[in-house]
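Take a look at the structures below.
Next come two complexes, and both contain subunit A; in the first it sits with subunit B, in the second with subunit C.
The block that comes next holds the complex of A and B.
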């Protein structure tokens, strides 16, 4: 899966759970900056991303104030690991 | 005088099995769990330079080590201090500072960990409290060592439960062995718990409702199925199937749990879902909505949900949990009341029907055994039945106060009842809770304190002279925190500051239900000692919003 496609999935999942359009998600900002997001919605989005990308995102990651881009990069790295095994 | 270790150890048997389905742990029987706790106690003493620790924090996700760690501390007559886990996106630094404040306030001697939290966050916490040993109890030691005899109990603290202090001064409720033992009797009475029951629970064990309900199950010797909050939040319908398959009969939850499952059901319910074993579903720790109860029943009745399983209840850490509960398998009561009759000192008036000026209030049931409930004023003078006042409680389960807080600031009436800060009334000997005096919003079962919110808002660049006020607001049963802040900035810049405030609250407190309103400098009212008047700020907010849709002050559905 290409990195751009992973970013698309991440943005779409976050936007859908937050109830905003994908254009409202600033990928250079932390997830907490997404309008309407809160921890339960974020967890749901993470679950959607896991299902769609076939990865497991450790809980640890959620406690970091990562940006949307960083989350997508992290998911892409997990995907690469998964396919190389 | 009770020593909880002895009391609980005597209650368990081979049928008292602890299952943790999401943790890949083998189920463990009660006697084996206590044997493991004894071995763990040896390891804890060794890690504390050969001495019994006095107070120890539990920094773990739900699992066998959490339960075992708690029992270990009872064994050692050390007070357990459950630590809330970080919220998603909360930021590791803010969390580490939060743990440090509690470690300082409680004078912790050590922290119990088990690897369930992730090494990065634990490393940050460790850096914030460098003097504390972190004892990894993931695996109990294989060898037992000689332990000192079981001592203490009675009026010694068993648990110190922190209720606030995410950013401001921490407040720990001290509950003794005697309090807990009496509180478990009250839980058993409220739920009519018997040896035939079994507990199914995803609530975090660091939450008062999760902690004391788990202990009630141990004391009854009944099986315990323990999930993690994330299991339910991430995949609610899969979780519900697992709960149903466990044949657990008792489940504690806040109101949002029921709404969340209703929403999840819209995407499909497994055909083979069988909820017929479920007997008591507590609905507590946040305002109970009648619509949630009704809709939940409608949605899941075709899947074996018995009528009247879900029972509203009312409790708080200060009561070692439960104060009142709907009587299991009886219909809950509710009243439709005139909104204008719900302020302190008012005699409640039934409304002619549903409408904007009326509000339905669900009964939280009669007080449970062991709890005395009085509706009174600040001095403790009782109000008549049907009159709104503060809910004040007494009895053996009730705490004797907060840790390290001066006598004058302890929350008691002159005659010694605990002031809950919640307001309500009694009707036909049942308790109806209609709001609260304390400055706090409840969102998804979590308490968020105005004081914590204001501490964060004050430090946000653009807030003029650190002037702000926060208070809870209720919109048709959904609570949010409203923040008023003073600014000289132009509207566009002020909007950006409002966004920054919301983001900081989300990062530091995990609070997303926030409305920010900028006001001109010198508009917020302050007391002569410089404290913001939240009630005055609320009036200001109410004048700025549509008066028809706004609920009266302090009113919560």
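The block that comes next holds the complex of A and C.
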């Protein structure tokens, strides 16, 4: 899967759970900056991303205040490494 | 853009997969609006639950009112993967799938215990009269093996009003149990779950207090199992206690387990974790026989015991055990030095 497609999946999942359009997701900012997002909605988005991409994102990464871009890059790296569920 | 919710009949699949709260214990005070938030559902779906037999009572102004534990079990068994109980199980148990050494290595945690005061289960405090509630929380057991406080001292009492923040270092222990008397009692409890003679589901605090009744009804959660195990071990002549505290992770969670003393060492016995790790489930919990074995004696660096030896509640509202949704206000992050 290309990095661009992974970013699309990540943005779409976060936007859907936050109840905003994809254009409202600033990929250079942390997940917490997405309008309407909070912890349970963020975790729902993470499960959607994991299920769609077939990866498991370690808790330690999720504890960090990563940007949306960094999350997408990390997921893409897991996909390349073949970390599957 | 709207947020997708579960299919119109998705929640109905949960009915029949768990035992509803007995009528003499049920507290039918959760309205359909609150249920929609906790279950990630629409009003019509919640009303269908009532139509299809989920116990409720009708209030002339608020409509159908449900027992919150029944709703949590609907969430646990509906299989949508999006409800609060399903997310909690998926994220809390994922550490079981990590490397064995990561279960035991010293790990620093910043914890915040500020219980939510209003229902919803989604981190969105609804407007209500929550500020009038007197909240009491149980403090961590800093004398327990593997627990070290890194921040300012906490009060030397079992309970404290309001909430607290603290940084702790938790160190696990890779150990097992060899006494055949312990093994016999352990197998009996774990086998009851594995054979489905006892269903692992949420049990209301009132029924947890009568753990033998719950077990005879064929239902148990971590508190019921911990108390039952401790009681049976003591009956077999062993020193045992039922522990309760927080499972630290992306979700704040109340968890209970048992401890037995062998060779002068407190060893943890966690039948619920062992069961879940043995069977896995569709909620994204991986099977891990190695982790299941570690639940027989091992101590994990994500479990913070609080000051109770009988698995008493961690949070009280006005002196009564607080509802499940109070846990929304419990947070944990890796400590500064991690």
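As a working rule, the second predicted complex is superposed on the first by the 82 of 85 C-alpha atoms of A that agree within 3 Å, B and C clash if a C-alpha of one lies under 4 Å from a C-alpha of the other, contacts with A are read in each partner's own complex, and residues count from 1 in each chain.
Heads up, the rule we're going with is that a contact is a pair of C-beta atoms (placed from the backbone, for glycine too) under 8 Å apart; a residue touches a chain by one contact, two chains touch by 3 or more.
This structure is a prediction, so every number in the text was calculated from the model and none was measured.
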Touching partner for A:60 - first (subunit B), second (subunit C), both, neither: both
Touched partner set for A:49, first subunit B, second subunit C, both or neither: neither
Partner chain(s) touched by A:32 [first = subunit B, second = subunit C, both, neither]: first
First, second, both or neither for A:15, with subunit B first and subunit C second: second
Contacts of A:40 with subunit B and subunit C, given as first, second, both or neither: both
Subunit B and subunit C contact sites that coincide on subunit A, given as residue numbers: 38-41, 43-44, 47, 58-60, 62-63
Sites on subunit A touched by subunit B in the complex: 30-33, 35-44, 46-47, 58-60, 62-65
Subunit A residues touching subunit C - in the complex, by the definition given at the top: 15-17, 19-21, 38-41, 43-44, 47, 50-51, 56, 58-60, 62-63, 85
Subunit B residues touching subunit A - in the complex, by the definition given at the top: 61, 86-92, 95, 117-121, 230, 233-235, 444, 499, 503, 506-507, 510-513
Complex contact set, residues of subunit C against subunit A: 1-4, 40, 81-82, 84, 87, 90-91, 94-95, 97-98, 121-124, 249-251, 284, 286, 333-334
